[in-house]
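Read through the structures below before going on.
Paired with subunit B in one complex and with subunit C in the other, subunit A is shared by the two complexes that follow.
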Partner chain A sequence: MTKAHSNILGGIVCCSLVALPFALQSNKFLAFILGMVLINMIWACGMNVLYGFVGLMPLMYAGIAGIAAYGMIHLTRAEGWSFWVAMPVASLCAAIVGVLLGLPSLRLKGFYFTLCSLVIQTAMTLVFSYFPKYTNGDTGINQISPPTLNGKELNGAMFEVVLVLFALAAVGSVAFIMSRPLGKRFIAVREDEVLAEAVGIDVVRTKVLAFFLVSLYAGVGGCLYAVYVGFVSPRAFDILSSLAIWLIVAFGGRGSIAGPIVGTLVLAPLPYLLQEVPWAKDIILGVLIVGVILWFPGGIYGSLFKGRGVRAAVRKGDADRMVDQRV
Partner chain B sequence: MSDATILVLVSMLITGVLLGLVFALVAAGVSIMYGCIWLPNASNGQVFVLAGLLAWSLTNSLGWSVLAASLAVLAAGGVMAWMLEFTLIRRLYEAPNRNIDYFVMTLGLTQIISGVFSVTYARYNDQYELPKTIEGVTFLGPMPITNTRLFVIAVAALAIAALFAGLRYHQMGRALRAVFQNRDAAALRGVDVKSVYRFAFILGTVVTMLGGLLYAMAYSFDLTLAWTMSVTAFAIMIVGGPGSIFGALVVGLVFGLTQAGVSVVASPTMATFAYLGAMLLILLIKPSGVFNR
Partner chain C sequence: MNLDAVPLLTTRSICKSFGGVKALKDVSVEVRRAEVLGIIGPNGSGKTSLVNLMSGHLRPDTGEVQFLGKVTTGLKPHALAERGLTRTYQAVRVFGSLTVDQCLDTASLMRLSHGDRLVDRQEILEWLELDLLKKKVSASLTLFEQRRLELAMRLMLKPKLMLLDEPVGGLSSQEVARMIVVLRQLRSRCGILIIEHTMHVIRELADRVVVLIAGEKVADGAPSAVLQDSRVIDEYLGSAHA
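And then the complex of A and B:
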């Protein structure tokens, strides 16, 4: 696709997205699915920066979203802050935590970092469950009041329009970052850390910055999730959520702007459409994960629009990174 | 010390050794797969529980004895592993970055298996318990211990000893260790690397299932055990060093005794935190593990 094509497509998508919530008002269920798709899109944008462009697979992603969500809930409920103040503060805190949790990536690569992030995620889920002071444990927190705008509680189509704006901002900001030198530095670090260091890129700073940015996406998504759904429990932010977001990015096509969008549109509605058969969700998620690994390492966007060469390139690109990973 | 304290201590010790041996066995299975094929099998916990569940079905519905059921489950596990190897695992043997691919793929398998559990076993029961393998109770001094648990300890110890000996002296075991150390050099020396991979995957799966069967004989279990076991086995493998059976044994015993000890004074969750902490620490300090060359 050429740049002009992308711009036109982007314009159409933006306009129709803002109009969509109003069109869906007759069907609350579809409107809710739209809302969840949009929140997942914010998450997928962040995951894509780290997994697609920096080349790290953070399985503690949902945990970071959880920290922001619980922080925001605490600030609004116990401290009486407005959502619009609490969300940025909680997301910033989550981003700082995300940077700290991302520090192992400075030493560990590939599988070892992923395993480390899995450990962190498991620990975070345990913390959410066993320290109920802020999280109410496994019972979860319900009746989270929606944010107010102009003195009125956000609900109905207006809420989804706000989500649309956030999702567009997320996609737009990723596209913007990736067009800047910072984006190029991300890709350079993904391709070859040693080489990146040699041409003068501060790899440590780049990675720390990446974790900070990415955790912001996770945090904002987490806060919006909490107020939109109105209920959070540790299960919403466990390893399966991290994997589901990872799958959206990997299935859609990592390392491109459009890939995660395609992935979100296809995968995010699935759990809600399959509500009648909850077990099918798990099995489909699993089959898709296996399928992506075996047949679509470049994602469906990559395979459909960029030809079969992508598949080989993805494997080869990774091969170069793997040399110093063996222990 | 009063008699009661001694009893608590001895019972803790026995529980710890039993848990430790089972942990070590599962970790050895995971470790063989990772050391050889470079396959970090995240679905080991599900396979572990699957073995117990299948044995439960055979004993409860068909009325088989526990031993017969266990042998059947192990055989079925071997066939299942062979089929998995044939359909999925072997496709990535050549991929250079396969450890992360395999890791994610087995996380997918975990999802599939737990989805299948939730439509099948989760509908019958919360807790599963096998009938006694061997009737009766033996007294170690004042301390009673069921014969089943003694049997479990003996089988687990024997299995680990057999793994040691097999890897050291049997031709296939030596080929396996050669591939651990350097797959290219092993190939040059005439080792058929792919058949070693296949063997390692099947052996690792069967060993994991044996661990699951032994655990199910000694304790009742539920479906949430799967994820705890996966994490524990990974923690033991990372701390002990991938590919090291000795590391798996030592660290497994330490973890088992820790869990038994902590459970007396605090909730088992604390033990899980301790494992996770130990794994993180080792990952950051010495990712090749404590007991690796």
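And then the complex of A and C:
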């Protein structure tokens, strides 16, 4: 496929995505699922940058989204700000908090950072519950008014169109970042921190930048979630939410642009489609996870379309090396 | 100050302890321009610690490190790489899931200081016989190929001094011979400090040898002289070598 072809194809996909909310207008339920898929896609894009490209698993991801959501709600309700100002400001604040919470990753490698982030997430959920001044505790905040656009409240298909645009921006921005030197630095840090330092990459700076960027995705997703669903409680931003987003990325294929998209399309609608049969949801989810681990360890997209050549080459290399050692 | 007269790298009475273990005691070493300095010593004598202190991976307890006449103690490895000091590691390290070309791209991310000529990547690849492997994933390369890729990645930085920590470790005897040829040619591209404990390689490559034993510098001079030194023979080489 030539570049012109892929541009045309991309254009068609984008246009049909924007048209999709109108097609689903008659079915409120499907339209809502579409909205949730799009919000999850924004989250998954951010998680993929950190988990897929930088190689860290941040389980406090949902907590950061929560900080942005609560911040946005406070700014719009108590201070009377417009959503379109409050969202970026709250997301920026969440990103700064994200950088601070990411600092342990400068010392802790791999699994140990994941454990640390689990503790941070748990603490954040408790803070959301026990300091109700901004969060209204476990009761949650309801009737969050949707943002206004052109003087009218966003609702119906227009809301989903806005979400489509945000999701496209999230995917596009990750693709852009990964095509820049910063993206190569991310991958270098994932592959080998020590070697990255030796070839002149400032690992500390790269990680801090990564946490800042990734927390922005979490924050924007959190704000959109709050106004789209209209209700938030600490449960929306707890460890299970973090794990759900992580699972989407791992399932779809981490470290690729398309992987999280595939993962979101498959996993995000599940809880809603299976609402009537709650027991089936966990079973299907479990079977899917085990299946992916057994047959597609690089994620669905990663294993089926991307990694094949790489793994074959690595296997061949191992064989070569064994021959070498015999010599 | 005439820059050519300044040694590439000096360490001044460096001490480093890990808990109760004194890894380095008052070590002063100088890497001069246009020479290959070899560091030898038995296991645990502090060779790698010394290189870690030079490259910014460790901070000395006392003493200082100077690179190109400026104190660099406490600078991070990436900052030193920007100034032209780079290193390799005892265990081979490549960006495993990237291709050779991508590894070199990543190593070229650092902005070279103004006025430096561009790096001729093709020429370096051909010299290191990696030009046919450009599209191969680096984890799939043989150890010898990975060792050469390590050198190629460092050369993307236009280094002034390269610290090589056992560059022939794990290679077969034919590969060692070929690596020695490569390292001899590397001399024309940058200064070299080389850690080894195979005497053969040091004899072939080094103009000057520093011997570390139990964290102390016990000898410093031309290889032939050092290898005759009675203390070196007694404590390291054993009489069979003499």
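Just so it is clear, the second predicted complex is superposed on the first by the 279 of 327 C-alpha atoms of A that agree within 3 Å, B and C clash if a C-alpha of one lies under 4 Å from a C-alpha of the other, contacts with A are read in each partner's own complex, and residues count from 1 in each chain.
As a convention for this text, contacts are C-beta pairs under 8 Å (C-beta built on N, C-alpha and C of every residue); 3 or more make two chains touch, one makes a residue touch a chain.
Note that the structure is a prediction, hence the values are computed from the model and not measured.
Engineer: Does subunit A have more residues touched by subunit B or by subunit C?
Structural biologist: B
Engineer: Check the residue A:Leu195 against both partner chains and state whether it touches subunit B (first), subunit C (second), both, or neither.
Structural biologist: After superposing on A, A:Leu195 lies in contact with subunit C but is clear of subunit B.
Engineer: Between subunit B (first) and subunit C (second), which does A:Ile120 come into contact with in this model arrangement: first, second, both, or neither?
Structural biologist: In the superposed model, A:Ile120 contacts subunit B only, not subunit C.
Engineer: Of the two partner chains, subunit B (first) and subunit C (second), which one does A:Lys184 touch, if any: first, second, both, or neither?
Structural biologist: second
Engineer: For A:Val203, select first, second, both or neither according to whether it touches subunit B, subunit C, the two together, or no partner.
Structural biologist: A:Val203 contacts subunit C only, not subunit B.
Engineer: Scan A:Gly151 for contacts with subunit B and subunit C and give back first, second, both or neither.
Structural biologist: A:Gly151 contacts neither subunit B nor subunit C.
Engineer: Overlap of the subunit B and subunit C footprints on subunit A, residue-wise?
Structural biologist: Comparing the two interfaces on subunit A, one with subunit B and one with subunit C, the shared residues are 318, 321, 327.
Engineer: Using the touch definition up top, name the residues of subunit C that touch subunit A in the complex.
Structural biologist: 55, 76-79, 81-82, 86-89, 93-98, 102, 105-107, 109-110, 136-137, 139-144, 153-154, 156-157, 172
Engineer: For the complex, which residues does subunit A have touching subunit C?
Structural biologist: My answer: residues 181, 184-185, 187-188, 191-192, 194-204, 310, 313-314, 316-318, 320-321, 324, 327.
Engineer: Please output the residues of subunit B touching subunit A within their complex, sorted ascending.
Structural biologist: 40, 88, 91-92, 95-97, 99-101, 103-105, 107-116, 118-119, 227, 231, 234-235, 238, 242, 267, 269, 272-273, 276, 279-280, 283-284, 287-288
Engineer: Quick check on the complex: what are the subunit A residues that touch subunit B?
Structural biologist: Touching subunit B: residues 57, 104, 107-108, 110-112, 114-116, 119-120, 122-123, 126, 130, 240, 243, 246, 250, 278-283, 285-290, 293-294, 297, 315, 318-319, 321-322, 325, 327 of subunit A.
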